[in-house]
Amino acid sequence: MSVHVPAPAPAPRTVLVGDPLGALVGAAETAPEGCVGFGPQTFTVIAGPCAVETREQVMTTARAVAAAGAAMLRGGAFKPRTSPYSFQGLGAEGLELLAEASRASGLPFVTEVLDPRDVGLVAAHAAMLQVGSRNMQNFALLREVGRSGRPVLLKRGAAATLDELLAAAEYVLAEGNDRVVLCERGVRSFDTETRYLLDLAAVPALRQRTALPILVDPSHATGRRELVAPMALAALAAGADGIIVEVHPEPSRALSDGRQALLPSDFDDLVRRLAALAPHFERVLARRDSGREAALR
Amino acid sequence: MSVHVPAPAPAPRTVLVGDPLGALVGAAETAPEGCVGFGPQTFTVIAGPCAVETREQVMTTARAVAAAGAAMLRGGAFKPRTSPYSFQGLGAEGLELLAEASRASGLPFVTEVLDPRDVGLVAAHAAMLQVGSRNMQNFALLREVGRSGRPVLLKRGAAATLDELLAAAEYVLAEGNDRVVLCERGVRSFDTETRYLLDLAAVPALRQRTALPILVDPSHATGRRELVAPMALAALAAGADGIIVEVHPEPSRALSDGRQALLPSDFDDLVRRLAALAPHFERVLARRDSGREAALR
Amino acid sequence: MSVHVPAPAPAPRTVLVGDPLGALVGAAETAPEGCVGFGPQTFTVIAGPCAVETREQVMTTARAVAAAGAAMLRGGAFKPRTSPYSFQGLGAEGLELLAEASRASGLPFVTEVLDPRDVGLVAAHAAMLQVGSRNMQNFALLREVGRSGRPVLLKRGAAATLDELLAAAEYVLAEGNDRVVLCERGVRSFDTETRYLLDLAAVPALRQRTALPILVDPSHATGRRELVAPMALAALAAGADGIIVEVHPEPSRALSDGRQALLPSDFDDLVRRLAALAPHFERVLARRDSGREAALR
Amino acid sequence: MSVHVPAPAPAPRTVLVGDPLGALVGAAETAPEGCVGFGPQTFTVIAGPCAVETREQVMTTARAVAAAGAAMLRGGAFKPRTSPYSFQGLGAEGLELLAEASRASGLPFVTEVLDPRDVGLVAAHAAMLQVGSRNMQNFALLREVGRSGRPVLLKRGAAATLDELLAAAEYVLAEGNDRVVLCERGVRSFDTETRYLLDLAAVPALRQRTALPILVDPSHATGRRELVAPMALAALAAGADGIIVEVHPEPSRALSDGRQALLPSDFDDLVRRLAALAPHFERVLARRDSGREAALR
């Protein structure tokens, strides 16, 4: 009788995300200045508002998160909302504002796409396309983002097993697009204490099974501002390759999910702590132009 | 101090589904021969294979379920599969086969649509469009089926609350399409004894909150043939307006979900039991042409 | 390739519960007048208040449920309460009141025991011992009720698999006590719409695996009065051998769980509907003295 | 409109656990040499086998974990097992072996008690009493451990909300015993990838609501050896006051839960990493005699 030895985990892969102007990079030698990497030697922080609301809001937030040390900007232009009568996002106008904030801050941006017919439009603006948790098994959308050639941030469904998450990623990979970054963002559970239940053990469990980078979203998972920083630090300790967090200059005025947004000052403090902690896990905080470096390693 | 009295439930609405040739009906006086109703005085049985596989399979099944007393035919042409490498359905060819089986059996059919770009194609063939549980919050798809004018069978997501199901239905209703039928099909839970956990209490709970008809899918919920009939009978007793079940002439050869398909003989027996039980709940089993009658009541 | 045929289900066993004076019955020929049976040909209704509060309350309720057709009385003397500062039940005094109500109504009673040290006391009064869902894996208690010789009503834990429920029953059986009746009472889930999620498919699933009788508790499962009757009827349709429901003459004054208690008039109506429906499932409503008859079949 | 500011969290309390010979300490000035503290400035590691199996096994393990830097020993003498036919622990003999291993290693030990009638016996040997997750709402047991005066390690039930965990702790506190340490050990969820779903966000969420120390059990939560170290590190990062982990010299020969036990060498490595990381969270690794120091701060 022998000790159970799990199969060796796959060698982690680095995924590069192009510069804010949209240059696509597929190989190390072509990694342009300004691109960002997700991989085993970095910890990549994506930050920004839940939804793009106004030019001022997104510009202010982008500059603040860039100054604090975020490597990428996030923000929703097309918002998946439970009710058709809630704010649905600014759509194409929101993409323009994100692009402007991206140029101003120097941060590439990721934004969600909801409809396969919008993939071209979104891919023309964004450095990375997000498939949200509600759409993790929207196979038409997965195929379309696969064909777009853009890197894809694929969030785990709120009741998806890891098997299903990996199978969903295959829909993108099967189109020849291997730049997929997985994201754990909490699953449905019975306790209303937090919005979802953040499954941090999914990070090392996925690591045993896939070479794809793995992010954590502590904002949507917990739904509570005061839990975001502890869970972001825990994500790093659990082996994640980065986080995606919500930051809003005035959370109380946010049109969606203000309750879970960090203030810029809290975010600044969090990034400092992550940067100090990262070397313990043989990582450095990704900088906005760290892609080239990552690719050359 | 007084006994809690819940607000009176909304008066249940009848949804009519047009004849197999596609005539749409919106009002009682125009209900054509051959249409089917979902509502408070009937119990409507939809049956057919999980996926359309061959002409022979779908024709045989359609005739068998019609003979047994089903009011509508079901069958998947576009299949949402966890893995991109599983059988994905016959697509447009599957729709043609369903339409042929519908004409031969006299049963209108419902089939799933996965992509907003396919809604027109599917609506040109099917009497009713199904939005599956994986797509319950695919808002682009919900809007598109809303615009199609076709009646919509909206399945509850595997981790969706009733609030979310009702909000998803609003996406269809907001497009001016009020012919929505809700369907409970089991939610994710911790016990692997059944595939999902059938939430039958959702039926009377939804009844307190919506006028829309409510179906139950005992096949996907349990994933086990031997549990389908007990749960179908329980659905009637719990107040459901009908069921949707999978029937396959040779379950062991099914390309998907054979484990949960009833044999035609089992289905025949089930329909007999439902017909005998229905009057206890002041219902009659819907016949394939019961829509006109339902509409005139 | 052949159709999957599940192994034949075990032949259902009848469990007899002795008369209110405590005579224990283990074999058909000794079944006394007044005992009650749980088994495949009857549908046994247990009813009464959540907690014993006053002499008047329990006497009134016992007479009302006996008049309506209940076969057994239920009531809590030792109450498992989430908080130590909530009403904990009347204890030994509650047992006396239940015994008195049992004699007055002619109904044997079942009551919960929480502490292995109380098993002797409770067994001296009650015809049947309940192990509640919080204690399903309280193995010391299971062993003690096993040794008591009294029939045991074993409720499924709120997060217990069927495997675990059956293994818990084995703790009682292993003590030589084979009079165990299982009870599904809802499991934890993510939707706050109902208190727990009633897993009715557990009834036919358990039937495939055990000869023990299977009850359903629609009161605790749903936590809402208006859902109790539909789920009680659905339990019968799903193949359950009976139900246990809460009835309170003045639910708004109940010290615990008033929100889920039926009024006596609602209960009366429910029993009528169950009696009318039972023959469709080849059952008759158990009467308070139906044990002898059941045992002789 | 103002930013939501959660109420200030209670000031964390330090719980002291007496020396292996059983001296009880309730106040700082009486903290004996050899006692261990759980509190805001330390990170306390409890380690040992799941079950006590043989003298050699427990002695070897105790010495190994002491050498590696554990502050306390764990080990099961009374084992709660799903089936009555599984190994149930060595009982009183196991307690003797634990006491011997405790003296040899200098580590106080914690062990589970299952039956209120065993509390006296267990308290005569162990420095700390564990109430396991299956018994979190075994109120008779909670009251008895409350009366024992011994510090109590209270594990969260597999489907317990934080409200329920805190209410269960009140049963101990209400007996005048305020030395309660809470422990998150994973909750039931739908994915079989891990044994339970470790709810690390419960750590900061509990911190907002209670002064009691909070531990994490990554062994039972994940059920997989290779996930234990990442989740132990994440527990520290999330703000936990310590961990309890399983270590076995020959996991493949373990009579229970060998699949999740660390090898002594892995444990050694884990403790080193925790010690290096702790100062980032303003903590030091608790030493076996750190209680006095903790109490005096």
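Chains: A, B, C and D, in written order; residue numbering restarts at 1 for each.
Keep in mind that, in the parts below, a contact is a pair of C-beta atoms (placed from the backbone, for glycine too) under 8 Å apart; a residue touches a chain by one contact, two chains touch by 3 or more.
Given the structure is predicted, the values throughout are model-derived calculations rather than measurements.
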Any chain touching chain A and chain B at once appears in the list C, D
Taking shared numbers over all numbers used, above half giving same and below half different, the chain B and chain C interface sides are same
Distance between the CA centroids of chain A and chain C (whole Å) is 51
The distance between the C-alpha centres of chain C and chain D, rounded to whole Å, is 37
Note: chain B residues in touch with at least two other chains are 159, 163, 187-190, 192
Among line, ring, star, complete and other, the chain contact graph is complete
Listed in rising order, the residues of chain A that touch chain C in the complex are 188-190, 192
Per the touch rule above, chain A residues touching chain B in the complex are 80-85, 114-117, 134-135, 137-141, 157-159, 163-164, 167-168, 170-171, 174, 187-188
Residue set of chain D touching chain A in the complex reads 1-4, 6, 159, 161-163, 187, 189-194, 197-205, 208, 221-222, 224-227, 230-231, 233-239, 250-253, 259, 263, 273, 276-277, 280
